[in-house]
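Read through the structures below before going on.
After this come two complexes, each holding chain A, first together with chain B and then together with chain C.
And now, the complex of A and B:
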């Protein structure tokens, strides 16, 4: 019998969203369209239109060592060209951001090939070959896992995910990479992800309402959906805890 | 580290009103709140805290560049200018009052001032949250 892949237990809204974001067969909704050049500007790794910095001589001309793995694995486009590995890092607010760092890791690893990702308490970095990164970054800024007010694109000094929001509902950023445009009621980026000022403001659209965010979030919270209200999720957590505590590094050896 | 108190220690634990706001306040709102609190009789000192806003970018490739944060600016509190270094999220107001009845009156005034300026609400507590007399540390630091 072919094993059917499962993603996450539970019937609550956050549990369902976790499954949706992780399942590569689900096409995530596109909520905005930030032009590719602007995504490149916000990341700040190269100027729009500039060539990708790749190894020279090109891989095809050079002599690659004999390696069975190289024959087995189809390289992603950036690896084929020998691009640099670059990064984008997102910070997600605890105030019902559409996704949180740990689920980002699950989502990235489930949906993309050739990525290296790292989870920290409030931020999630993804490292990948430059030309693939740009496509992924645009997808992630455009789709429903991004909210202009509660998700920050921050390469360094990410402090703010657990801070109170400001009066405009924006997540705190000591470097103020993005600002509230009161006229348009939109969030605009004025600095790139490491706070180098941009030549012009880049709009990333209007923030979602709290009611909408509560439907989209993957975050269990006492003032939203409490994790304990979802019995299956609770049991899943408890089961892992039990196996780890009583089974140590041999969970299979533990009999109920 | 030398820790000079913002105002002279009272020597006795005068009541302190702690106001934690539900949202971090903009410079404009902070200015408005302070202007309303400052005129209340019996307010001995007001301390504020919140999230720090650096003057310059303090790490990464942009290190040293001016931060140009719109909320890091000089505000005017009843004629006195002061530079904000925080996105303010809490006020500690020390009150010089004789008895409970007077304290209640002052609390009403403080609540009225906050209600008129702080849009997203706040939590107010009365207690003692900072030191009120010198400790060994103050002697050591001199």
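And now, the complex of A and C:
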């Protein structure tokens, strides 16, 4: 029997969104188009137009040791060119941000190759060869997993995900890397990921409404969809715990 | 969701201007670090120091701009004391330091073995009078007094006023005949039922609670405690029983004092860069026994568990991991979440009410009934997480996910322990909380939570030594726990909760339990949060200070 890949249980909105974000066959909705040069500026690893810095010669020029794994794995573009490994890190608010840190990790690992992710309570870092990173970063900023008010692009001083929202509905940021443009009713970045001031403001667009966010979010909350309302998700969590408890490190050996 | 007044409300109202249920606020308008009294004080102090020494030091304007949101005070749980976070940093808080000092400088040394040596090997009589004479002598030697050589340097008693030796036993008749100044009186210090349990467990053993000077532990290390005690005990035996300093039997006293004694911390592997008797080696059950709330408040098992959590947070998370893992950061914000603002209090007392109303009271849930245990865990954990969602004030108070993960899991673990009377069931509920928390919110704590908390269900009942131990004797050095700050507080509270729910007088060791009931200790282990609060208010008077030998 051919294995059919499964992504996540449940029929609630957060559960469905988790499945959608993870499934690489689902094309995520593009909600904005932040120019690539501006994405590069916000990340702050290089200046737009500047050459990629490399940490080794292009793979084709080097003498790779004889290795069956190297033959199996096709290097991503950045690896082929010897790019540095650089990062983008997103902070996701608890107040119905479209996506949350673990779902980011699952999504990245399901959709991309050559990535290294790290997951914490408020933030999620993804590290990858630089030219691939830029493509990914633009996708992530442009698509439905990003909300200008509730998703932060933060390299350092990352907390704020659990703080209340400010009077304009923006997530707290100790460095104030982004601001509310009252005229345009948009969020603009004035500092890069590590809070170095940008030469000019970069708009990342208009925040979504709470109603819209509640449809897009992956977060279960008592004032949204409580996880216990989704019986399958609840059962799945309890079952994992029970099997691990009673089966130890051999959960398959436990017969219910 | 319970409709009762939430225990965290007072703290929320003091911390924030907004209603606890408001989900929006103002930022960037509070004047930065200048809104904090302690930051202003620090800046002023640092400027004066920099001027005097010619080298710059702390500068509040370096790095991230502090104070971009309202600067929150912290209420020490179940007290009226509010403090700034700076004053809860373990390097700034003398009470936290003294809690650890009092633990480190304690070693329990039995008198049965030396008395056998004196009587059987040396043919001398041991009587209550000779015992009292010995204890009087050891109270001279332990703080650094000389008894054997006539030309000997001694420790200035003003530096070592906290050093002494007391004895205790389950043998009331023997204790009655010893000078009460040297006795930890189980009958007076414990409620009757607890005293009876303790005396039965201790039996006729006569145990010394040795307190070496705080300053000795600070200058040297935890491993020094038993050495210091052994030397001074041997000297006291030589003097009080008129023995020869060179005779072979003396080695027995030193040997038993060093190697048959009970250190508070077990040995850790060399890679931990610590000797024996350091906080990483203290079993959770020992720490739970040191926490004395249930001795003074026997009818409040919630407080007992919470005070054990607080002690674990201060000593394990702040002092030990705050140094071993984080250096000067001290893990203050991280660890204090478990003992400030009555948030964990609210969850634990909710759990107690729930156990009483839905599960027939403490220890009524069959520990083998996994489905019921999970049901309880789900209910308590959901309550805790829901509170964070319904009250943005406490979400913001615990602005790090690790804080919330610890507090939710601690309340769930304490609930499981109290409902079953089994600490391992509590631990299992801890891990249920972690899995559910991650699933519900899509986030948990820092990277460390990916390790132990994702595999912990599988080892929560493991007793094989390379996989697990009963919770009472696990400790910070248990493999998965060695680098996970924020957990060790809850891990201390869970075995405590199980045993107070059972009505037990101790968690892991009756001898440790009695030793920390001693009112002569500098830190009051029955009022942990209050003591830490006094430290934060700078009212706590620690031992081990050097001012007695500094002019001016």
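Definition applied: the second predicted complex is superposed on the first by the 252 of 256 C-alpha atoms of A that agree within 3 Å, B and C clash if a C-alpha of one lies under 4 Å from a C-alpha of the other, contacts with A are read in each partner's own complex, and residues count from 1 in each chain.
In this text, contacts are C-beta pairs under 8 Å (C-beta built on N, C-alpha and C of every residue); 3 or more make two chains touch, one makes a residue touch a chain.
Small disclaimer: the values here were computed from a predicted structure and weren't measured.
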item: Side-by-side fit of chain B and chain C on chain A, or clash; value: clash
item: Which of chain B and chain C A:228 touches, first, second, both or neither; value: second
item: Touched partner set for A:35, first chain B, second chain C, both or neither; value: neither
item: Partner chain in contact with A:240 - chain B first, chain C second, else both or neither; value: second
item: Chain touching more of chain A, residue-wise (chain B, chain C); value: C
item: Partner chain in contact with A:165 - chain B first, chain C second, else both or neither; value: both
item: First (chain B), second (chain C), both or neither touched by A:58; value: neither
item: Which of chain B and chain C A:48 touches, first, second, both or neither; value: neither
item: First (chain B), second (chain C), both or neither touched by A:24; value: neither
item: Touching partner for A:174 - first (chain B), second (chain C), both, neither; value: both
item: Colliding stretch - chain B into chain C, listed as 7-15, 43-51 or 97-105; value: 43-51
item: Where chain A meets both chain C and chain B, residue numbers; value: 156-157, 159-160, 163-167, 169, 172, 174-176, 195
item: Touching residues (chain side chain C, partner chain A) in the complex; value: 18, 22-28, 64-65, 68-69, 370-371, 374, 378, 382, 385-386, 388-390, 392, 395-396, 398-402, 404-405, 428, 431-432, 435-436, 438-447, 450, 455, 457-462
item: Residue numbers on chain A that touch chain B, as the complex places them; value: 155-157, 159-160, 163-167, 169, 172, 174-176, 179, 191, 194-197
item: Chain B residues within the chain A interface of the complex; value: 21-26, 29, 51-54, 57-62, 65, 67-71, 87, 89, 119-120
item: Chain A to chain C touching residues, read off their complex; value: 92, 94-95, 99-103, 118-122, 156-157, 159-167, 169, 172, 174-176, 195, 218-223, 226-228, 233-234, 236-238, 240-242, 244-249, 251
